[in-house]
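As written, the chains take the letters A, B and C, and residue 1 is the first residue of each chain.
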Amino acid sequence: MSNSDMTEKLGKFSWAQVDRDILATLSRPGPVYTAVLALCFILVAIGGISWAYLIKTGMGATGLNNPVGWGSFITTFVFWVGIGHAGTLISAILFLLRAPWRTAIFRAAEASTIFAVATAGMFPLIHLGRVWTAYYILPYPNGRELWPNFRSPLVWDVLAITTYLTVSLIFFYVGLIPDIAAARDRAKPGLRKTILTFLSLGWMGNLQQWRHYLAAYVFFAALATPLVISVHSVVSWDFAMSIVPGWHTTIFAPYFVAGAILSGVAMVLTFMIPLRVVFRLQHLIRIYHLQAMAKLLLFTSLIVGYAYGIELFIAWYSGNIFEQEIFLYRPTGDYAFIYWAMVTCNVFVPLVFFFKKARNSIWTLFIVSILVNFGMWFERFNIIVSSLAHEFMPHGWGLYSMTLTEWGILFGSFGWFFLLLLAFFKVLPSVSIAEVKESMPHPKKGDKS
Amino acid sequence: MSRRETSQGLLGVFDHYDGMIEAIKNAQESDVEICDVFLPAGDHHVLDMIYKKRSPVRFLTFAGAITGLISGFALAILTSLVWNLVVGGKPVTNPIPFVVVGFELTILFGALATLVAVLIFGGLPFRKFPGKAYRPEFSLDTFGVWLSCTEGNRDMAREILKSADAKEIHDISDPASPEVQS
Amino acid sequence: MSSEKLIQEVLQATPEKIPFALKTTAITMILLGIVGLAISFGMGNDGAGWVAILVSAVMIIGLAVAGIIFSAIFQITAAKWGRSYRRLAEGSVVLMPVGIVLLVIYLIGADAFIPWAHMEHLTGGKHVWLVRGFWDARVLGSLILMYAMALYFLYLSLRKDFCIAEVRNRFATGLGAWLAKGIRDDNAERLRCDTRMSYLAPPVVIAYAIIMSFLAFDLIMALEPDWFSTLFGAWYFISHLFVGTGIIVTLSLYYKAHHDLGRFLPELKQRDIATILFAFCFLSTSFFWDQFLTIWYANLPEETHFLINRAQGSLGTLVIVGLATFFLLPFVALIFRKVKHSRMLLSTVSAIALIGIFIMRFLEIAPPTLSLKHPAVFSYIAIPLLGSFLVLLGSLGIGLWLYAKLLTKVPVMPIGDDIFANEFTEGNTHE
């Protein structure tokens, strides 16, 4: 690609300016940041109190019952795991594809992956009720004479999520090392500099370090890439491996993966649009980057729409009365509002991105991303709850609705995610200094910093 | 080439990329040993000039991945045999569901092995930081080329750095006193 | 705008007549195809001939548009690296008439071997969906719609090249004259074509996904009317994009080696397209696995009979061979950089992948059409298997001939493409 092409799209700045602008985001927070942080604390407090109440009272504090034994907690678990996928796609897959629009946004997206997966990981524990028994699932020699059942998709989930969190953390940290070194070198002597020196592992950017670092980075990206497909496939198999109508279908794995990327990209847009304004990074995170994400959002929304349509067709085609019943119940039954909100937000709303004008409009991008986030939560709720509420035998049908405790925990999870993200923005560089420099023209003779 | 600590040599500080490249090229042509090069951002062109072989990180990654694959299947199969749990009408040790376990551990162990590899081969953590030649501006927008020289080729090394338009030239054995400033 | 030197370079690399090697290979493949037809219809059990026709039809139908999908994806993503492969990929459209002819032959002659055509009670929507007449119109109509969209996309892509005077001069008659018709202002026309391609590319990709899915349901899945899989359609078109990529890789390696295309297809691009091949291998395998695992795990008889019928006897062995050839061998081989840079190894991997997906299509189609009783003995499937493969080779041979012919009538590289021109015009850096 020609350099003139890239500088037009990514902008042209000196390397020193890149350093200055990105490290400036680590300065003392302003009033907007502080207000949002306070809100997040409040939400986390609500979530914490709700969880404490749940542990004390028991699972009866939720709306879970027969037949709906999985509800908002599993919905939110799948939602947060899905959010994490965009970060890995942007940082790993787009790295391997050498997509130029990745450089300015992948660090923040990667961070959102880690925090999303960390948030998601709490929900199986919340759902367990008796949280202190969580260690039962771990494979270690124990006195119970019992090993985890490795034929169960729930155990596959434990492995998949653990692997995803670990690999994402490693990928994230290793990618950060040169930037931590840059921050270390700009920091004034004190505690901050000491911590940054420790975290930078003595990085000097010399030949030996860059040689192995760049090689390792490719392997991290290559290893993280199949995780984008496999992790949410494993999560989808929590449902598809059953025989529940509306759950047991072969399309679930790619359907969930596409949905995960859809929700993840939407969430990245949701926080990145205010981020670039508040931290004055519009010249680095440009409309070009947001447009590319809008296209990706549109593409994954089309795949999700395809899946919705194929499921309906096959239910009609197959003649399986249970499949037909559930696909009639969803758009017309007790949870019809959820179904139509899901279809509207996930399929129809993103179609606006076929128009360039919409892709260029910051407000449209922001509003669509929020609606897609809603739509994707509704999708998981629709799949999980409607299928359990309306299984094989009519005498076993029943309804579920969320209690205040569950709402509290749901909002608490959002507070937790954004709290971690806000903390990250102030502690570590939210845009990759080293890679943005790599994508800019090298300093030439006569350039002034 | 492998990085080694040496107590002598000249460090050229460049504020432009082309100068660094020229210095490396001239040093290679003149048979002056390049001890190290410092870059604020990774550059494959520089690495290709210096190193003929690919990084050995890939061997550890591969070994880790294979270990993970075997460990995953071993964990699932052996634990199933130790305590038989006949569920769902499925055989106790059918490999089909264990593929997921094997796959996940392949990725996990491969990533962990790669992390170990980059730490070992990259010499991280580098306890003697900042070392003899490092300067904080090397993480900003400045490049460094450290040439090893004896008394015999010191002048040649200095000439190489000067002709490549080095902003500063330092004597490694006495970094506080810049020998030449361009 | 292409520089003069670039235009001359591309025109010089474009062969004047069909290369001898490709001609002899195509003729050999066509002759093998005729032998395959004779074996299948003459020596095989009842239905073997129609298995051969249908397997070739479904493969050719999918492959015919695969190259246009590549070109459309480049258009949508504005990807730069793959522009050199654009024309070589677009040439896959020559398979369209072959696919249509095979399909029409099947629709006319195979009535006795379409199981659902003689079933009285079809459950669910099938009693409306699977009705001869409606089914034929739907299958042919959707295919013609898909091909029409793809051909128009190709027309626009080729016309961009013909907005260059030197190209018009070189290809002044026949197809070239038709493509150049009505061009008054070169720059305005090229821009008009490019804009139309940008608008058309997304519908082409969407149409491909939907139409190919329904063709898979109608032509293959319906052969076992009481079985269904929601992922079957996607598995079908992704596996064909996989094989299509392999064919593009093989042909590009040939043209690179024999027609001075080394500058346009350097090692890094070769590695890139080999990586894409690897990605499609992984994706195809994961779609196969998603179906297999879901059906195996739930263990519902209405679903598992599809797998059980194919898991025993010689069909079971064929499954193992199929998995090894479309997944294991390409996956392991493409991990290594050496394979990605080797012309022979990469071509071999592509060929193995084609064989693997062919085996999968055969396993989907043959058992119900031949009413195989399980466990099938090898002698019962040997003739249909061999015959099907040879007929597929023959169909691909016709395609190869037409492809080589097409690339003597149009520039072998898309010099009308601005991104391609910018990359290779002197003075610009390129990947």
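FYI, contacts are C-beta pairs under 8 Å (C-beta built on N, C-alpha and C of every residue); 3 or more make two chains touch, one makes a residue touch a chain.
The structure presented is a predicted model; accordingly, all values stated were derived computationally and were not measured.
A summary of chain positions shows that the Cα centroid lying nearest the centre of all protein Cα atoms is that of chain A. Chain pairs B-C and A-C differ in how many C-beta pairs are in contact, and the one with more is A-C. Computed centre separation for the pair chain A/chain B is 31 angstrom, with centres defined by C-alpha atoms.
Work out the mean CA point of chain B and of chain C, and you get 43 Å between them.
Between the Cα centres of chain A and chain C there is a gap of 35 Å. Touching of two or more other chains is recorded for residues 226, 230, 237 of chain A. The set of chain C residues touching two or more other chains comprises 293, 297.
Residue numbers of chain B whose C-beta contacts span two or more other chains: 88, 90, 97. Within the complex formed with chain B, the chain C residues making contact are 289, 292-293, 296-297, 299. Listing the residues of chain A that touch chain B in their complex gives 14-16, 19, 139, 145-152, 156, 159-160, 162-163, 166-167, 170-171, 174, 177-178, 181-182, 184-186, 197, 201-216, 219-220, 223-224, 226-227, 230, 234, 237, 434-435, 437-438, 442-447, 449.
Chain A contributes residues 1-3, 5, 96, 98, 226, 229-230, 233, 237, 240-243, 248-254, 295, 302, 306-307, 310-311, 313-314, 316-320, 324, 354 to its touches with chain C in the complex. On the chain C side of its complex with chain A, the touching residues are 76-77, 80-81, 122-126, 129, 202, 206, 209-210, 213, 217, 228-234, 275, 282-283, 286-287, 290-291, 293-295, 297-298, 300, 302, 422-423, 428-431.
Contacts from chain B toward chain A in the complex involve residues 1-3, 15-19, 36-44, 46-47, 50-51, 54-55, 57-58, 61, 65, 75-76, 79-80, 82-83, 85, 87-88, 90, 94, 97-98, 100-101, 103-105, 107-108, 110-112, 114-115, 117-119, 121-131, 134, 136-141, 165.
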